[in-house]
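First the structure, then my questions, so here it is.
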Amino acid sequence: MNKWQGPGIPDQAFLRVDGIPMTKQEIRAISLSKMRLFPGAVIYDIGAGSGSVAIECKLLVPEAEVYAVEREARAVQLIHRNSERFGVDIHVIEGLAPACLVSLPPADRIFLGGSGGYIAEILSSCDRLLQENGRIVINAVSLHTLEEARRFFTAKNYCCEIIQVQIAVHQFKGDAEFWQARNPITIISAEKQGVRR
Amino acid sequence: MNKWQGPGIPDQAFLRVDGIPMTKQEIRAISLSKMRLFPGAVIYDIGAGSGSVAIECKLLVPEAEVYAVEREARAVQLIHRNSERFGVDIHVIEGLAPACLVSLPPADRIFLGGSGGYIAEILSSCDRLLQENGRIVINAVSLHTLEEARRFFTAKNYCCEIIQVQIAVHQFKGDAEFWQARNPITIISAEKQGVRR
Amino acid sequence: MNKWQGPGIPDQAFLRVDGIPMTKQEIRAISLSKMRLFPGAVIYDIGAGSGSVAIECKLLVPEAEVYAVEREARAVQLIHRNSERFGVDIHVIEGLAPACLVSLPPADRIFLGGSGGYIAEILSSCDRLLQENGRIVINAVSLHTLEEARRFFTAKNYCCEIIQVQIAVHQFKGDAEFWQARNPITIISAEKQGVRR
Amino acid sequence: MNKWQGPGIPDQAFLRVDGIPMTKQEIRAISLSKMRLFPGAVIYDIGAGSGSVAIECKLLVPEAEVYAVEREARAVQLIHRNSERFGVDIHVIEGLAPACLVSLPPADRIFLGGSGGYIAEILSSCDRLLQENGRIVINAVSLHTLEEARRFFTAKNYCCEIIQVQIAVHQFKGDAEFWQARNPITIISAEKQGVRR
């Protein structure tokens, strides 16, 4: 039996490398919940960073096909090492989205953790690659990403939910204790409407 | 294939009854993640309300034994109906915690969604019933629950993490749009230390 | 000596009417702080609602000229009654912004508590009416207002600060206690750059 | 005319020294509002740090007597320099609370920004020194301070309000923008009941 079968991998179980972002446990849990994974799903994790979302997807739904897309070579290495650590078999695609998405099979679920400023272009490609009733979940840290995503999903008539999540962690430092705030994250969950005949 | 295999059951998929609380999707996702479920685990959901946590536990880990403990008859009925709806087989225990816990097998994981003011007594019982390295996850809405839990876990030398989660949901109302805040929830995750020899 | 000389008027000191919004004490305190009032300032409170911001401005800086602009007749009456209650002499303008702003003297400080959907038009007028180094403070509840304000102030080269404020109030209800969240407010503070020669 | 007459001193207007805390503008504005200052009030600022609360009190209510109490010599120097900068005349008391409070005249208003772990002792002294209908406002970063204050004010039958404030500031960093969270602060405002005859 593997130690981590998910859900619920604590952050410290992942290997980390300085400067490569990781979706934290709480935000990962909500995002995975919003994705509504299912067996057999084709899943993209775009801007995969440390690979934590892609890996927990695969642990939760072993029958899924998971594609972790990442442009930075160091992060790609890290994703490989983390996949190995958790014993999961995911596809790691080194390349810049949206260009590198074209060779992938159509997606049922897309997680977008980081857009590197290309949010509009990435969403256009994702829309073409996404199956009917497919879902896109975005973690936005910037107003720009939120504005662009909102505009896009409204124009394309996606069914869209937007929430903001703020986490504070109780910490000790010497004799003192305090709540340490994490930066707020906006989570946008959008579902592509099926064709109405 | 069942429609909901979790993770990720939206709130509206559950049957609701007025006045019976339900752990909302986002808090449920984080709480389940903090519980670190595993196949074969014995799980209590104390103050189970609508049964959403117990049901999603069972969907995530079908090999687990899940006990939903609830004192109110109407809620017990609702848990039964929700279990049926999701096709899961959980044990529903009608009774007041901690008294009704004594007949249960030792627990690996305990979720405490509501304590009805008996937090100190419930934690004492849970501590006796919890296996070594077992975990308790509490959703606290009151300072009282947080204070009591903190005191208890410190005294008993549990390894304890406390986070606060605030969710705001973007809403439309006529022409207006706004962020609607949910009340903040404190999530306490505590792990019982194994005996050191 | 008047009982309320501010700062620090509790919400219950104001007369209220159902359906007429009031800027709550905490958000009022921050907004007034961001306005950087000074003696002799000409101040607009646009969408004045219950009049709480206009009245506290006048109490803080008795030498200021304060214009409370409000389109709804019932609210206008309420502002008059609240002004009387606090013994302050402010100008209450009944009318729809931006149209009704044209007759006012140039402003040093503008507070925008509600835009009724005309944010772009109101900001254009405010920009024309605002003195160099004048300040505009906006309380936004919607993403739309935030997006429009951001675009406007960027285009016009205002010096702009954006913060989000979330307040939770500890409440008792019967035996239970809990944190009650208020909806988050975004406060945008913008300063018009003086002409550089 | 002095440049800063308050309310509304931006943080960068104060001199700062590494390691000496300062109550930030937004929390200062709310705290001052909760204090309900009045002309002639005797005010303590205990754990005055950079002096920002004491100084803004004096600017808002020039007729008040303001005592800034601080145990650390470097902070005492900083308070003197900041007072000079803003041209206000406040009493700076170097010493450890509660011991050093005994020589002060009875207080109408007390602000407690930092307790250095002696919250119970400080509150006992403050209670003896506080006039009937006097007010104490506490900024708590720790659960411990909140618990102790709550217990104390309940036992002493103060009229008590507790709020939690979370601020996020919109920031730019290179090409990226994001919301930067400040740590949440709990603000406890308590009023001493007058003797009932």
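Per-chain numbering from 1; labels A, B, C and D assigned in written order.
The rule is simple: a residue touches a chain if its C-beta (ideal position, glycine included) is under 8 Å from a C-beta of that chain, and two chains touch if they have at least 3 such contacts.
Keep in mind the model is a prediction, meaning the values are calculated, not measured.
J.: Return the chain whose centre of C-alpha atoms lies at maximal distance from the corresponding centre of chain B.
T.: That would be chain C.
J.: Go through C-D and A-C and name the pair with more C-beta contacts between its chains.
T.: C-D is joined by more C-beta pairs in contact.
J.: Could you please state the distance in Å, as a whole number, between where the Cα atoms of chain B are centred and where those of chain C are centred?
T.: Centre-to-centre distance between chain B and chain C: 43 Å.
J.: Which integer distance in Å separates the CA centroid of chain C from that of chain D?
T.: It comes to 26 Å between the two C-alpha centres.
J.: Based only on mean CA positions, could you tell me how far chain A sits from chain C in angstrom?
T.: Whole-Å distance between the two chain centres: 39.
J.: Chain A: which residues touch two or more other chains?
T.: Touching at least two other chains: 143, 164, 166, 168, 170, 179, 184.
J.: Linking chains that touch, what shape results: line, ring, star, complete or other?
T.: complete
J.: What does chain B use to touch chain D in their complex?
T.: Interface residues on the chain B side: 143, 146-147, 150, 164, 166, 184.
J.: Sort out for me which residues of chain B touch chain A in the complex.
T.: 1, 5, 7-10, 25-26, 28-30, 32-39, 60-61, 161-170, 179
J.: Show me the residue ranges of chain B that touch chain C in the complex, using the header's touch definition.
T.: Listed in rising order, the residues of chain B that touch chain C are 117, 141-144, 166, 168, 170, 175-184.
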